[in-house]
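Given below, in the form of structure tokens, are the structures.
The two complexes that follow have chain A in common; it is paired with chain B in the first and with chain C in the second.
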Partner chain A sequence: MKTYQLPEVKIERDKDRCIDCQVCVRQCAFEAHIVDEDGEVYSEDEKCVACQRCVSLCPTNALTIKDNKPFVKDNANWTAETQKYIWKQAETGGVLLTGMGNPKPYPIYWDHMLLNASQVTNPSIDPLREPMELRTYLGSKPDKIDIKMVDGEPVLNTKLAPQLMVKTPILFSAMSFGAVSYSVCEGLARASKELGTFWNTGEGGLPQNLYEYGPNTIVQVASGRFGVHSEYLDAAAAIEIKIGQGAKPGIGGHLPGEKVGAEVSRTRMIPVGSDAISPAPHHDIYSIEDLSQLIFSLKEATEYTKPISVKISAVHNVAAIASGIARAGADIIAIDGFRGGTGAAPTMIRDNVGIPIELAIAAVDTRLRDEAIRNRVSVIAAGGFRNSADVIKAIALGADAVYLGTAALVAMGCHVCQMCYTGKCNWGIATQDPYLEKRLNPDVAAERLFNLVRGWSHEIAEMLGGMGLNAIESLRGNRLHLRSIGLSTEEMDILGLQAAGSPMA
Partner chain B sequence: MIIDAKGLHYRELNEQVRAAVAEGETDLTLLNVNGQRYIADAIDTPVSIIIEGVPGNDLGVFMNGPSLVVHANGQDHIANTMNDGKIIVHGDAGDVLGYGMRGGKVFVKGDVGYRVGIHMKEYKDKVPVMVIGGKARDFFGEYMAGGTLILLGLDTGGNGQDEIAGNYFGTGMHGGVIYVRGRLDDYQLGKEVKQLELDDEDRAVIRAYVTEFATDFGMDTEEILKGDFVKIKAVSHRPYGNLYAY
Partner chain C sequence: MKGRIHRRNISGCGLAGMMSEDGRLMSGEGIIRSMEVLHDRSNGLGGGFAGYGIYPDRQDHYALHIMYDDIKAKEMTDVLIDEWFEVDAEEVIPTRKVPGVGKAPLLWRYFVKPSADFNECGVCEEDYVIDAVMLVNSTVEGAFIFSSGKNMGAFKAVGFPEDVGKFYRLDEYEGYTWIGHGRFPTNTPGWWGGAHPFTILDWAIVHNGEISSYGINKRYLEMFGYKCTMLTDTEVVAYSFDLLLRRHNLPIELACKALAASFWTDIDRMKAQGKKVADVYEALRMVYGGGLLNGPFAIILGHANGMVGLSDRVKLRPLVAARKDDMLYIASEESAIREVASGLDKVWNPKAGEPVIGELRIPVSNTDAVRELEETVA
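Let's look at the complex of A and B:
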């Protein structure tokens, strides 16, 4: 069927600069650059997804990708995008698919929060010269601790639940091998070890060669139970039960058979080429009691030595659900907001289901405090953290730590073209094609990730010092250090924030 | 070695079992078991455990090698995400047996509940096998991705159900094979599967597993094999391949 879809970008090739070297031809898995019979290179705009790979690699800077959204006459309702979606479906009858997190212009609450700093009184601290503690322990804390004196020395007499110690409150979010390439997993694992933090396998199992990074690995148990066995559970530092994901709350996932090559097959323990289907629910969990059963089956399996996390997407009833999860015996609750990324999700779900992580953190923290069970769980927030300011605001709102997914991918080269579901990622990230995967060198990936988190951690330390605090602990849930700007009173109420300009109460 | 489970919380019971296995015990008998969960959870050693009484949910979860014999009914989630080993239940069993099971065997003499064999999967030489002597309720073999399920429909169970299986049989199935001793009406089947006649290879597979099953329960293999079997397989190993607009 002839497509009515129009190109959205324009590839501009500066003919004075182009030397017909064909780098762009080789780099574009979407085949937007083509060589004609005379060896001259030309481009086809409609194939381009604006991943900027060719632009980055063109040796003479001959290429520019320009926005070329089709002009729609005077209409805010029937936008170019709306029309494109309709044509796509009229031509295929299929469900619209996409990758990455919700790109819609919903409010970004981080940009409506301002941090505090000390002046004159309670002087600020310079983290370059004075101790600054970013270390965070993730896991269940006791209601009270009991200390006894032994030979005149105080000794802790309370058995503590297992904890994950992170040197900085930033972890890498679940991204499964299969959805992302092996090099991505290796980069994340190595960077985590260097940084003293954790990466998360997602639901695709742990590749054999990465078992050595077990002490820095959180393994997931999802509804498909891919690659889950006792060795996998034993290898990990913590286990995460995946209930939901911010980009697609309420639905499962399919890793298409094309992405199940030899190594993915070995890790997920399914035949090559077969779809890896994760059902929407865990079929052993239909209630909080059932969730508790799975949590304790994992605790029994690992003899109560590892924290168990439960990951949910931020939905309307997130606070009550989080309370149930805490009471079900989880040590950590991971909450993924609606800007959380994905390798593939139905577009309508990604763009319309769930709530922003900012509101979810505040709602959950408030609820757990009101019920006096905040200490029983740590809260990891996920879903679109863009910079260190977002992270520190999340902690002030009530999170213990954050998960980075998209930001980590961007650090490794992702240009957020949202084509991850095609498996043709030109940056070697969301692909299993060996030719494309080679483009991401795990050494470089690990170094870029390390640098990013190092930079953010320094910035967090600076901002903390500026507030006169010398430990991230002192900021957690300390919403007096935040002020809102340009929000309604209802939003301020949910976030528990006062307006910028109101005095310290 | 005998462990008396009377009055023990599952945590204590399982601790004792793990300690015994760690000390090299190879044959354990658990007496007075009464609903304790997670028995043999993630145990990696091929020990034998006889269970007297009714074990609780998640019997053999993540298990990787042991042989369990239950001389009573079992509950829900038996063989959850099990990797290897064998579980024999001399009575009926509950819902969601063998969820995500990847290897080993489960034999149930009587009837089973809903969603049995859900998302069983196989990989190379690891092929999970489940044989149910009696009848099964809805969603048998749902999302099945690999392995072998055999449903015999004998009068060995106690749930009083007439039909050999419920509805939505094999819904979402995309791998593995199910053999049923009897015929299903087409309306009972999920739309991703079809009924097929057996070939010689199928008959050999059925004979081998039914022989083992009959031996375990002291039944007559030939009597069971006299029944008329049908094979149920997925139409495609990619049931949702054309769902999307690329």
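Let's look at the complex of A and C:
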């Protein structure tokens, strides 16, 4: 069937610069660059996904990818995008698929919050000269500790629940082997070890070669139970039950059979080439008490040595759900906002289901405090953190730490072209094609991830010191250091913020 | 308080404290002189004191010091007090006219015991008293209970501290511990209740500094049922000590380690040296992170059994201590100590976050902890 879809980008090739070296041809798995019989290279705009791989590698800077949004007659309702979706479905009869997080221009609340700084009455603290502490313990804490005196020395008389200690309140979010390449997993694992933080296997199991990074690994138990066995649980520092994901709340996961090669097959414990479909709910969890059973099954299986996290997507009733999860025995609650990424999701779900992480953090933290159970769980927020300012604002709203997914991928080369579900990632990230995968060198991936988190941590220390604080726990939930700008009173109320310009109170 | 807009105030300050660990009684004249030396650290917008051992004849009663905007506020409060307490005596707090201290609210004190049936509430006596104080302070317009301990009292006003001390005739009281405070607020609330000390039960806090962690300290304390009605930094310090010392039974040293925590590098080093106490410090930070007081501060805490001086973990505000015989002195400046004591045995600058602790040699038994201890021993 002839497609009515119009190309969205224009590939400009400067013929004065192009030397027909065919680097672009080899680099593009979408075959947007082609060489003709005479050895001359040309391009086909409609195939281009704007991932910028060819532009980055062109030795003579001959290529430019330009926005070429199709012109459709002015119409706020029937935009080029809405028409494109209809054409697509009219041609295929399928569900619209996409990758990464919600790209729609919903309010980004981070950009409506301003941080505080000290002047005169309390001095700012210089992180270059004074200690600035970002260390964070994730896990359940008691409300109080008991001390007994032994030979005049205080000794702890309270047994503490297992904790994850992170040197900086930034962890890497769940991205499964299968959805992402082995090199990505290795890069994340090595960077985590180097940084003193954790990466998360997602639902794809832990590749055998990465077991040595177990002490820096959070393993996931998702509804498909892929790759879950006792050594897997034993290897990890913590276990995360995945209930939901911000990009696609309410549905399961889907790894197409093309991405299931020998290694993915072995790791996930499924046949080569078979689709890995994790169901929408866990088939043993139909209520909060069922969740509690799974939490305690995992605790029993690991002899209460590891914190158990429960990851949910940020949905309308997130605060009450989080409270239930805390009471069900979870040590950590991970909340994924609607800008959280994914390897594959139905477009309509990604773009229309769930709520922003900013509102979810505030609602959950407030609820847990109202119920006086905030100590019982740690809260990890996820879903589209773009920079260190987003992170520090999340902590001021009440998160203990954040998960980075998309930002970590971008650090490794991702240009957010949203084609992850095709398996043709030219950057070697969201692919299992050995030819593409080897483009991502795990050494380079690990170094780039390390640099990113190191840079962000420095910035967080700088901003923290500016506020006159020298320990991250003094900012956690300290919403007085945030002011809102351009928000409605309802939004301010949910976020627990005052307007910029209002005095300290 | 209801109907008032009290913005949280930030201020610089001067503070001083003196204590006889033998429990010898001293007139309030000394602390007034000590504070007078620190005149320049305040700006006349608030001064106050707390004395311990000042009501020996009624040491089993809670002494409620209350300021009223008008007689209507008193009438409303009296109804609540009669409901919650048995009142042994009720009187105007004696004052004298002093140039420097302006129009006073109505200042009353009551010596009370919880109503006979308070046990039905299922809370301990101290929590009952706190609930009553918080009820009055948060619901009765124009009434403010600014002191609620046994055998102790807070006295505060708008004015320079030395004038406030004379106004309240502190030279006529005798106590074994005195703490004093002069404010340098950066705004002018003009409200007597905003002066230090801040008290709850017998905990009295004078404070120089700004708690930059206030936003989370307040939310943290709210989980334990405290209502931060005053919107001041200092209030959260008082409640934090009440939580850690009275309700969680932590030793004073460890309560101070929770509020002005050791740095992780120090804790790690202690761990490497095999010191067991490092585990305690680590646990304190994990569990009491929301209570950590961050930002510049120096405080003196007075309580029935002693006095504690503490600065923030990088000591951004001054604090000096000295000892002579049974006396412990703590002040913002050494001059305030030298003014009232000569031939000191020892004068030192306590390190950042390191508490200076004075304790009565024979403790007063009025806390849960002591009671429990006595019961165990018995």
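To be clear about the criterion, the second predicted complex is superposed on the first by the 505 of 505 C-alpha atoms of A that agree within 3 Å, B and C clash if a C-alpha of one lies under 4 Å from a C-alpha of the other, contacts with A are read in each partner's own complex, and residues count from 1 in each chain.
By definition in this document, contacts are C-beta pairs under 8 Å (C-beta built on N, C-alpha and C of every residue); 3 or more make two chains touch, one makes a residue touch a chain.
Only a predicted model underlies this, so the values are computations on that prediction, with no experimental measurement involved.
Trainee: For the overlay on chain A, clash or fit between chain B and chain C?
Mentor: fit
Trainee: Regarding the shared-chain residue A:His481, is it in contact with chain B (first), chain C (second), both, or neither?
Mentor: Only chain C is touched by A:His481; chain B is not.
Trainee: Scan A:Pro105 for contacts with chain B and chain C and give back first, second, both or neither.
Mentor: After superposing on A, A:Pro105 lies clear of both chain B and chain C.
Trainee: Give one of first, second, both or neither to describe whether A:Gly224 is in contact with chain B, with chain C, with both, or with none.
Mentor: After superposing on A, A:Gly224 lies in contact with chain B but is clear of chain C.
Trainee: Between chain B and chain C, whom does A:Gly39 touch in the aligned arrangement: first, second, both, or neither?
Mentor: Neither partner.
Trainee: Report, in whole Å, the shortest distance between any C-alpha atom of chain B and any C-alpha atom of chain C after the two complexes are superposed.
Mentor: Superposition on chain A places chain B and chain C at a least C-alpha distance of 25 Å.
Trainee: Give me the intersection of chain A's contacts with chain B and its contacts with chain C, in residue numbers.
Mentor: Comparing the two interfaces on chain A, one with chain B and one with chain C, no residues are shared.
Trainee: Over in the complex, which chain C residues touch chain A? Could you list them?
Mentor: For this pair, the touching residues of chain C are 7-8, 10-12, 186, 209-210, 212-216, 219-220, 222-224, 231, 247-251, 253-254, 261, 263-265, 276-277, 279-280, 283-287, 289-290, 292, 294-296, 313-314, 316.
Trainee: What residues of chain B sit close enough to touch chain A in their complex?
Mentor: Residue positions touching the partner: 10-11, 14, 18, 37-38, 41-42, 44, 57-58, 61-62, 64, 76-77, 80-81, 83, 96, 99-100, 102, 115, 118-119, 121-123, 126, 142-143, 145-146, 172, 174-175, 237-246.
Trainee: Across the complex, what residues on chain A touch chain B?
Mentor: 88-89, 91-97, 221, 223-225, 228-230, 233, 254, 256-257, 265-266, 269-271, 273-275, 277, 279, 283-284, 293, 296-297, 300-303, 421-422
Trainee: Touching residues of chain A toward chain C in the complex: what are they?
Mentor: That would be residues 118, 121-123, 125, 130-131, 133, 135, 137, 141-147, 149, 153-156, 158, 160, 163, 369, 372, 374-375, 467-471, 473-481, 503-505 of chain A.
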